[in-house]
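Here the structure is laid out as C-alpha cells; the discussion comes afterwards.
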Amino acid sequence: MAESLEEFKRFRERMNERILSSGNLQIQRFFNLDTRAYEPGALSSKVKELLGLVGSLVLRCDDCVTYHLLRCVDEKVSDEEFFEAFNVALVVGGSITIPHLRRAVKRLEEARGFRERKRNRKRAAARSSSPRH
Amino acid sequence: MAESLEEFKRFRERMNERILSSGNLQIQRFFNLDTRAYEPGALSSKVKELLGLVGSLVLRCDDCVTYHLLRCVDEKVSDEEFFEAFNVALVVGGSITIPHLRRAVKRLEEARGFRERKRNRKRAAARSSSPRH
Amino acid sequence: MAESLEEFKRFRERMNERILSSGNLQIQRFFNLDTRAYEPGALSSKVKELLGLVGSLVLRCDDCVTYHLLRCVDEKVSDEEFFEAFNVALVVGGSITIPHLRRAVKRLEEARGFRERKRNRKRAAARSSSPRH
Amino acid sequence: MAESLEEFKRFRERMNERILSSGNLQIQRFFNLDTRAYEPGALSSKVKELLGLVGSLVLRCDDCVTYHLLRCVDEKVSDEEFFEAFNVALVVGGSITIPHLRRAVKRLEEARGFRERKRNRKRAAARSSSPRH
Amino acid sequence: MAESLEEFKRFRERMNERILSSGNLQIQRFFNLDTRAYEPGALSSKVKELLGLVGSLVLRCDDCVTYHLLRCVDEKVSDEEFFEAFNVALVVGGSITIPHLRRAVKRLEEARGFRERKRNRKRAAARSSSPRH
Amino acid sequence: MAESLEEFKRFRERMNERILSSGNLQIQRFFNLDTRAYEPGALSSKVKELLGLVGSLVLRCDDCVTYHLLRCVDEKVSDEEFFEAFNVALVVGGSITIPHLRRAVKRLEEARGFRERKRNRKRAAARSSSPRH
C-alpha cells in the first residue's frame, strides 16, 4: 500500500470532479443516489455505512472499503464493532477477503491517527487563538 | 421460484446434516464459526443479520439471502428497514442484483405470511387448550 | 430451465410492481436510471443492449441475460451478431459462463419462436378482421 | 433441485450441440480448449478435475460443479478427498459457497447411486447373457 | 495509480512474451482466441471493443479496462460514447465499479494525451524529413 | 508491480499480527482453519496448494495467488505443472484472469530466484563454517 490516505482522497476527489463534469447526466444521478443511500432513515447512517463496508469487503474493492471505513470512523464505530463487522465479511466472503482485511486494518490505523492529528491541530489552533486568561 | 419456503428449509436442513456427518472436522468448525458470527456482541444480532443480508445480496446468492432475510424477520426488521438495506445493496451491487431483489421481496412476503400463520396456529392451539370458562 | 418465458415475464413484472410500490423513492430512481441507460444517445440502443447482454453474461445472471436478449431481439440483433457477442463474453468470462450461454441460446430460440407466434397471431387477427373482399 | 442428473445431462448435451452448430468457429475452439485443459499432462486428470471442481465452487456455478464432480467420480476421487477439496473451497470462498456445497453433496449422492445402478445393470446384463453353468 | 501507461504496456508485453514462451500450447491458443474475439465480423471491432470494455468494468479488472480503452481510442470511440458505455457499466455493476471508473477516466486522459504526443512526434518527424520546398 | 516479494511478506506478517491481536476470537479461529485446510490428509499438501492457487486465480486475488504460489514452490511444483494449473484457471476464469496470470508468472520468477539465493547463502554459510579438510 504505497498510497497514503491523503493521496487516496486527492485522487478520488479530482477524478470524481472530472466524471461529474463530463456532461453525462445519468452518471451524475447515480453518484447522487450513491450519496443518499447512506443518509439516515429507518436505519441510522452508522448501520448503513457498516452495510456499505461489509458489502465492499465481500466484493473486495479496497477503495470502497477505505471510503466506508472513514465514514464509519466519522459515525463513531468502535474497534470492537469494526472487527465484528470484519468477521462477518470474512465468514461470508472467505479467506479471499483476507488481503483486503489486512489493508482495511492498515487504513483503520491510518484513519485513527489521521483524525487524531486533525483533532490535535484544531485544539492547538483553538488554544493559540483563545485568550490566554 | 418453484421452491416453497418449506422445501427450502427441508433441503437446507437435510443437506447440512449430511455435510456435518461426513466426518470432515474442519467443515464442522466452519459451520460453527458461521453460526457464531451473527451472535450479539458489540454489534446486535439485528445489525449483523442485516450485514449478512446485504453481503449475500451483493454476492447474489439467493439461498443466503433467504436465510438472512428469515433471521432478520426474527430480529424484527421492519419493511422500511428492509427496503433501505435493499437499496444499499442495489446501489453497491448494481442492476445485476435486481433479480435477486425480486426474489428477496417474494421471500419476504412468504416469510411474513409464514410467521403470521405460525402465530395464528399457536393462538388457535392456545385457545382450544385453554379452559373454556 | 423449468420456467417459461411467459412465467419469467409475469414474475418479473409482478415483483417490480411490488418493489416500486414499497415507498422507497431511491429504489424507484435506480429503476428509472436502469431503464434510461439503454436509451439511444451517442451509442444506439442496439449497441447498449449488447453491452448489457455481455455485462450480464460475464457477471452470470440468467434473468438479466434473458431480459437483454429479448431487448436485443427487439433491436433486430441477428443470430450471427448474437454469437459474436456470446464469444466475447465467453473469452472474457471463461468456461464458467458456458452454462449461462446454454440457457441464453435456449432463451434465444424461445424468443425467436415467441415473436414469430406473436406476429402470426397478429397476421391471423388482421386477416380474420379484414374485409373478405 | 428439481432437475435430475439425467435431465441436466440431456439439456447440457442438446444445447452444446446447438452452440457448436451455430457456425461460430471461435466458440468451437473455446469448447475444444475447455475439454483439453483436463487431459493428463504434468498433472493427472484427477488433479485437474479437482482444480476445476474447486474453481467452480468458489465461482459458485452449480452446473460447472456438477460436471467436474461427475468427472471426479470417474477419476475415482474418494469421499474423503471430495470433502477435503470442498473444505478448501469453503475456506477460500466463504459461507456464500455453502448452498452450492449442499447441492454438490446432493449431486455426489446421486452420482454415486447413478454409477452404482449403471454397474448393476451391466452386471445383470452380463449374468443374463452368460451361460448358466 | 503510480504506474504510467508506458510502464503498463512494457510489463504487459514482457510478461505475455514469457507466458507464450513457456511451452504450454493451450495457453498460446487461448491468447490467440482472445485476440481474434475482437476482429471485425458481423459486429464491428469498435462494438466488440466496447463489449470488452464494459465486460472488464463490471468484472472490475483495471488492466483489462486499460487495454480495451486504448483499443477503443484506436477505434475512434468519442468521449460521449465512452461515458455512455461507462454509464451502462455503472448501472449494471453498481457503485463498486466507481473506483475502476475513476481509473478508467484517468487512463482515457492519458491515452488521449499519449496519442496526441505520438501524432505530434510523427508530424514533427514528417516535417523534418520532408523536403523544405 | 512495485512491491517486492520481501515487502509483500513483511506487510502480510505485520498486518496478520495486528488482526490476530485485535481480541476477536472468531477471526483467530478462521485464520486457524485457513492454515489447516492445506495440511496433508486424503489429498497431499501439494494438491491442496494447487487447489488454493487455482481458486485464487479465478477469484482474481493477487496476494492470495502469491501466497499459494510460494507454498507450491515449497511443495516442489514444477514449471510445467504450474503452467497446466494456470491453463485450467485461464480456461475456467477467462481472459479477465490474464493480468493476474502475468503477475503470477512474475512472482514465480521472483520466487525461484528467491529460493535460489536462500539456498546459495546456506551453502556458502555451510562451506565457510565447515572444516577445511
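Residue numbering begins at 1 within each chain, and the chains themselves are lettered A, B, C, D, E and F in the order written.
Convention: contacts are C-beta pairs under 8 Å (C-beta built on N, C-alpha and C of every residue); 3 or more make two chains touch, one makes a residue touch a chain.
Since the structure is predicted, the reported quantities are computational estimates derived from the model, not experimental observations.
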{"item": "Reaching chain D from chain C through chains that touch each other, fewest steps", "value": "1"}
{"item": "Touching both chain B and chain E (chains)", "value": "A, C, D, F"}
{"item": "Chains touching both chain B and chain C, listed by label", "value": "A, D, E, F"}
{"item": "From chain F, the most remote chain by mean C-alpha position", "value": "C"}
{"item": "Proportion of interface numbers common to chain A and chain F (over half same, under half different)", "value": "different"}
{"item": "CA centroid of chain B to CA centroid of chain D, Å", "value": "30"}
{"item": "Whole-Å gap separating chain A and chain C, where each centre is the average of the chain's CA atoms", "value": "37"}
{"item": "Touching two or more other chains - residue numbers and ranges from chain A", "value": "2, 26, 30, 33-34, 37, 55-56, 58-59, 64, 80, 84, 87, 90-93, 95-96"}
{"item": "List of chain F residues in touch with chain D within their complex", "value": "33-34, 37-38, 41-43, 47-48, 50-52, 54-56, 58-59, 64, 78, 80-81, 84-85, 87-89, 91-93"}
{"item": "Footprint of chain D on chain E - complex, ascending", "value": "26, 29-30, 33, 36-37"}
{"item": "Chain D residues touching chain B - in the complex, by the definition given at the top", "value": "1-2, 60, 79-80, 83-84, 86-87, 90-91, 95-96, 98-99, 101-103, 105-106, 109"}
{"item": "Residue ranges of chain B in contact with chain E within the complex", "value": "58, 90-97"}
{"item": "Complex contact set, residues of chain D against chain C", "value": "2-3, 11-12, 15-16, 18-19, 22-24, 26-27, 30-31, 34, 55-56, 59, 61-64"}
